[in-house]
């Protein structure tokens, strides 16, 4: 393992301190917790928090700030944070109007956030949540723990963040979150595995010329291993899968996110976007009303990309995606 | 030796066994999960040990509550809330009863309420469920535990992280089932069920 | 070579098309050229351009937009653009008040931008330039082609961009640029090499446990190869080298940039920042008035980090660093 | 055969030799630079060939200008402006003279003005400089070229990308010196200097 770290079990602590220091104009670390909270005066908004295991940087602390999240809670690398920490996040975000939690659909995350909700309610804080499950690579939940929450979560952060800071109520945000979750679809692939610093070796193995389609952001298995193909063919596979799932017709409006997995340079992400342009805007005649390319929901140092499509069901979503923010990573 | 002491001995013993088998549990979790179940449990039981070592417990409910809270706030992942809920649920039940069968059944209910797994989904429930039934019938033996554990091997996971593997989860023992097997083996050994 | 690309010799073309498409609200590609220009009406400002070989994404096109560069010119991967392309960039940036070029100190870049200046002058466009040479790993120019231009260039983009958009004259910008260049210092290290897609194999080799201090952003050799050390010790080496070069005293004000080389995840960059905090703000008692962490001047998929310190010689520089921009990569 | 034709033959022949030795030049550049000198020159001479093939040139100045502009706009890196400047400088000189010695001296001046290298810095100047002197004296032979090329091997680079290697640049032939050696070998072979 070749990493710029100190003690592997201190990596989350060191990272949070480094982040909070580097961006002390935007965020602070709540002392004694793994919570990163924004430096904004309380103003009777609904608090909006997210979080999960570490290793997905800039998620989630990178989206804390004006116009997006109120706070983010970090767990150990690839491990859900515990309810007491999430409760600290809820408290840090609470401005008296309730707190909404954006949770990714992993058994651990769902249970820990759920317990935190119970704890918060004991302290008379209204808490509601959405469980994001955008990863179409996974079979339905009769056979699995359900679709995983992946890069689509970033669109959720942005849209709910804009709504919350514009004064939406907890109930409004819940309704909006469910709609967005029903309209967001993602799929990823890996060229090489991630190494969790606490584990010290790669989470899986791929041959020199092998890639895996459908991989999760913790290196969960995908649906097929194949030899590396040109970018254009990788894009075709993604579009084929997404089309089958979404069943769009030409003219449909989407927001699109090409997301790097951590070790894939922007050069490749832009090449990939160029191939998607031909397929989605060209062949499929979709109307891509919002686009973004970069590292947003990573898997430490995994090489690969994911594609997220959000079907625009409401014009306000476009405004929410475009509204200005003051955060580290958007 | 009063009732509380036996339960404390149980947990102390469980702690030791988990620490001893940390790598084994990580190994089981590497095969079908993300390889951290041993590290997670190790972190949790060490925190429990730190809390209860030397402390005096007159009431079982206080003991279980401390254990549950420590597990919840230290283990993380899926197993933290599950084990935590088990002990918190046992703490609630202990206000009414000291009966192992009643307490352990409350524990199982806590796990199921939290994780919503049915037997056969290749989780810790596949150990908890037959064990609690046997305790209720007064017939828990090591071989009940062993058989329950072994049965998870041929199951296909449909809950938790292992479910993403589908068919490929078959042939491996479930890590949470293994840590639960340690829990009940040490329960037997601590003589909690004897009277 | 495992990369998400199509034809290796098409990578720059594909990438520029993908970038211009993804961010068509901010920039456009000048047809038939490798120039990315911002979508702003001409307004009698001094044009500001940068550029160089590709492979340093988000540099340079990622800094084109309101408040930063007017245009960027891309060469082949790790190869300076040619004078005709640079001339196209100059023309795209020209609003009638002259054009200023930010050039990194590599023989090829300097000569090609110099020729472009001559060509532009034939067309009656006033052109001036700065040659950024912030890489303190290199011996002085009696023995070498001089210090290389590396991540400090990004601060140059930001400060000059703010000044140009605020209405500074070509002469003002030249003066400012020279001052900034005299105050900016960088040093980098690599954990693993970059693979130029047109070459197909890594540019150098490092053992499993080996790192190289002082490496350049094209994989130029550094000053020492050592076994991997904890982040804290890597930070100490950087600080020692920079202190020797700059000779600061406590209380001195600096802007700091921790720059990822392309394949190093933010997790490690933030850990590294945390160690720098202890050394620079703690031990050395420097006043770090502006801080930034992320991938800004990369070397394709090289793993590693660099540290840039800009000594603040003028309060206006801090305002320039903080002023809002509309670009892809800042 | 008139004068222009000989010069055209020279460049055509140079083009072929560069294309043939693309990988060799890349190899030399890998040792002390960034491994692209062959690719750069290959891209450039192909563009030159495309431009001059079949074209009619009455004036040397037009020929050299086209060559220079093509090299400048296609080669990139350090060698593009250097070779480009050489030919553009020769184009200017050709307005006044057709003398090979005068033209080549102008070419060398173009290289030096652009790159500011002195002899001994391990660059193409270490071939251009002795070659141009010999042409002026009417004594250019293949061994002058070979010796000049070989002399770069033991030099330490202090200009260009190879200078970052310091002492480690010693022991390798300079790639730009090698491409320049091809330039002058083909010049000899094309009989430009004969009359």
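When the chains are written out, they are named A, B, C and D in that same order, and each has its own residue count from 1.
The rule is short, and it goes like this: a contact is a pair of C-beta atoms (placed from the backbone, for glycine too) under 8 Å apart; a residue touches a chain by one contact, two chains touch by 3 or more.
In UniProt terms the chains read A, C = Dihydroxyacetone kinase-like protein; B, D = phosphoenolpyruvate--glycerone phosphotransferase.
Please read all numbers here as calculations on a predicted model, not as lab measurements.
Undergrad: Steps needed, at minimum, to get from chain B to chain C via touching chains?
TA: The fewest touching-chain steps linking chain B to chain C number 2.
Undergrad: Centre to centre, by mean C-alpha position, how many angstrom separate chain A and chain C?
TA: Each chain reduced to its C-alpha mean, chain A and chain C end up 29 Å apart.
Undergrad: Using mean C-alpha positions as chain centres, tell me how far chain A is from chain B in Å, no decimals.
TA: So the centre of chain A lies 32 Å away from the centre of chain B.
Undergrad: Using mean CA coordinates as chain centres, what's the gap between chain B and chain D in Å?
TA: The mean C-alpha positions of chain B and chain D differ by 78 Å.
Undergrad: Send over the residues of chain B in touch with two or more other chains.
TA: none
Undergrad: Answer with line, ring, star, complete or other to describe the graph linking chains that touch.
TA: Basically the chains just string along in a line.
Undergrad: For this structure, enumerate the chain pairs that meet the touch criterion.
TA: A-B, A-C, C-D
Undergrad: Quick one: in the complex, what on chain D touches chain C?
TA: 34-36, 39-40, 72-82, 84-85, 114-115, 158-161, 163-166, 168
Undergrad: Spell out the residues on chain C that touch chain D in their complex, using ranges where they run on.
TA: 75-76, 78-85, 106-108, 111-112, 114-115, 138-139, 142-145, 148, 198-199, 203, 216, 218-221
Undergrad: For the complex, which residues does chain A have touching chain C?
TA: Residue positions touching the partner: 2-7, 11, 14-19, 21-24, 54-55, 57-58, 62, 191-192, 197, 208-209, 211, 228, 230-232, 234, 258, 262-275, 277, 281, 291-293, 295, 298, 300-301, 303, 305.
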